[in-house]
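For reference, the structure I am asking about is given below.
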C-alpha cells in the first residue's frame, strides 16, 4: 500500500515535545549572545574606537552596561515572549492524546517562528527607534499566535484532543490567544507615536499574562 | 570475555532520540545566526562602511531586510530540510524495537550531516549565485538521504524493527527516500541554468513533502 | 468557565525539567565561546595586530593560552556556578509532586538568571580587574539564589511538595541557600581589596559545595 | 538532621542523562561554527582583504572549501571524539541502578571536558602545525578518559551498578579506556615528527573504535 509511510510518520508526541524544548532552550539562551561585551580598550588599545585614550576607571563598566540597556530591554521582552509561548504550547501538547504528520508540521512552523525570534530581537535592539523594526518584531509575535491558533483548531477538528477536554476549555484557549494578539496589535500600533511606548506596552501585556493571572478584569478571558 | 564491553554499548534508543532532538534543535536555531543584523550606522558612525553618511530614515531597516533576503530564503529552505529529515528519522526510530552499537553509529553519521547543514547553508547564502555552493548544499542533502537509507536497510537486516512492521511499509519508506533524492538531484542539476531555479525547485519538492501529502499523483510513492 | 485555560496550563514537571536541562546545557557550552582563539598571524599576516612580524615558533600557542587564562578562570567559575545551581534545581524538582502555572513562571525567572550568566561571565572576563564587573557577576549569583529560595518557599506553601518531604529537610535546603549566599556576598565584598581575591574566594566556596560535602564544619548546614 | 539536603540531592539519572545529551548536542553542533564562511568579495568589495579585485568565477567557492579543509579535518576528528565518548558515557549510565551527589559531580566534570572540546578544536584548527596545539587537544582527550575511568571506578565502589553487571564486563570497560588512552598518547607523541601524522593516527584509532569493532586483533580488549 503506497501511502503506508505516511501513516507511520510524525506520530511521537514525546519527540515533538523534546524538539520544542530544545529549540526554546537554544533560542532563550542565544538571545543573550546579542549582549555583546565590547572589548576592554585598556587591554586592546589598538582597537579602541570609541574613546580617545586608555580609560581605566570604574566608570567604563558602567558605560558598557548603560550602552547595553536597549539590548537588555529587548532581551527581557523576548525572554517573556518565549516563556509565554512555551507555556502555551506545553498546555496544548498536554491536552493532546496523540499527534499526526499534519499537526507535527504545524508545530514545526511554530518552531520556525520561535527560531526567528532571536533575529527579530537583534533587529529591534539595533534599530530600536525605527518603526519598521518594531513592526517586524510584532509580525513575529503575530506568526506565533496564528500558528498556535491553527494548531488548536486543527487538533480539535482532527479529533486529537484528550476526551476529557471540555469544549468550554478549548473556546477559552482560543479566546485567550485572540485577546492577547489584539492587545499586542494595539501595543505595536502605538509605535506611530514612539517605539519605546510600544515596547513598554508589550512588556506590560506580557507581565500581565505571566505574573498577574489573578487580577480578574484583565484575565476573565 | 573480551568483547563484553561491546555487547552493552550503544543500546539506548531513548538517549539516541534525545541526542538527535538536541542536535536538530541546535542546528535549526543556529541557522538563524546567519541572519546577522548589520550595525546601525546612526549609532556607530565610525564603523559605517556602506553608507556615505548617517542615514536615519525608516528606509534603512527596509534595506537591511532586503539585503538579508537571500539568507532568509536559504534559511527557510534549510529549516524545511531539517524538519523533513527530523520527521523521517523520528519515524524510523519509532519503528525500531531496539538499537545496537552499529546502528547508533549510523545515526551519529546522520547527525554529522545534520550538524554540517548550517555550514552548507551559510556557504550557499553568501555565494548564492555560485553553482559549486549549490552543489555543496545538494551533497549535504544527498548525505542525509544516503545515511537514512543505510540505517533503514541495516535495521531491517539486523532484525531491529518492531515485529508488526510490514515489509510493504519498509519498501514504501525506502522508495520514498529514493524518489525524493532523485527529485533533489534533478533540482540541483538545474543550477546549470540558474542557482535560484535550483533553490526554487528544492523548496517546491520540500513543500510538497511537508504540506501536500494528500495530492495523490506526487505522493503515491 | 472563563479561567479554565489557566487551570490546565503549566502543569508538566517533565517539560519544565527538559527545558531547564536544555538551557543549562546551552549556557554551559556557550561559556566556552568566549575562549576565542585569536587568528594565527602566520596565516593571516594582513590582520596581525599584536605582533610586529610573522611569528612561527611554538611560543605563539603558549602566549595564546596565557592570554586566555583570565577567561579560563572565569569559565571554570561559571561552570561550577551552573553545576551547583543545576544540582540544586534538580533536587527541588525531584521533591515536587507536581507544578502549577505560578511555580513554572518562578522557574522561568530562574532560567532567565541562568541564561544571563554567560553575559556576566563575558563581562567579568573582559573587565576582570573592575569591581563593577565583579559586582554584576555577584548580582547574577544573588538572583539565582533568591529565585531558588522563592521557588522552595512557594512550593511548600502551595502544597506542591511530595508528602514524604520532612519539614526538617525543607528547612535544611533553605538554610543551605542562605548560608551559601552569605558566603558569596562576603567573597564579593572582598573586591574592595582585589577582584582576583573575590574570584578565588567564590571558587573556594563553590569547590567546597561541590567536592567536599563531607568536611563537617563547613557543611553542617 | 543537618545533612538531609545532601541525601536528596543529585539523585536523578534521567536528568543527568538529559543534561549530558544537551551538552553533547550543543558541542557537536557548535564545532561547525568554526567552519566560518568568508565574506563574498564580489558582494563586499570594501572588505576584501585577500584578493586584489572582485573575483566572480566558480573557483572562488573552491578556494573557500580548500582553505577550510584543516577545519573540516579537525571538525571530523572532534565529532568522532564526541561520538565515542557519548557512546561510552551512555553505556556507563545504562549500567547504573542510580546515582548520587558525588557521581553526578564526576559526570559534571566529564561534561566540562566535553564543553572544552570546541575550544581545543578551534585552537588546533587555527594552529594546526603547532605541537603545543596538538598537545592541548590530547590533554582534552586524556581528561575525558581519566574522568570516565574515575566515574566507572567510583560507581563500582559506591555500589551504584546494576546487580547483573559482571565483574568481567567492568574490567573489560576499564581495560578498553586504558588501551585507547595509550593509543591516543602514542598518536599524540608522533607530533614530534609532524602534527598531521598525529591527527591521522588519532582519527585511525577513532575510526577503529567506531566502525571496525569486529576486527578481532585490535578489539580483543
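As written, the chain order gives the labels A, B, C and D, with residue 1 at the start of each chain.
We adopt the following convention: a contact is a pair of C-beta atoms (placed from the backbone, for glycine too) under 8 Å apart; a residue touches a chain by one contact, two chains touch by 3 or more.
Remember, it's a predicted structure, so these values are computed and weren't measured experimentally.
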Chain-contact steps, minimal, separating chain C from chain A: 1
When chain C is superposed on chain D by its C-alpha atoms, the rotation angle in degrees, nearest 5: 90
Far-end chain from chain C, centres as C-alpha averages: B
Copies chain D and chain B - interface residue numbers shared by over half, same or different: different
Centroid distance [mean C-alpha coordinates] between chain D and chain B, Å: 24
Whole-Å gap separating chain A and chain D, where each centre is the average of the chain's CA atoms: 33
Where chain B touches two or more other chains, by residue: 18, 21-22, 25-26, 30
Chain A - residues contacting chain C, complex: 17-18, 21-22, 24-26, 28-33, 35, 37-40, 43, 46-47, 58, 60-62, 64-65, 76, 79, 83, 86-88, 90-91, 93-95, 166, 168-169, 172-173, 176, 210-211, 213, 219-221
Touching residues on chain A, where the partner in the complex is chain B: 1-6, 8-12, 15, 18-19, 21-23, 25-27, 30, 33, 49-50, 101-102, 104-105, 108, 111-112, 115-116, 118-119, 122-123, 126-127, 130-133, 136
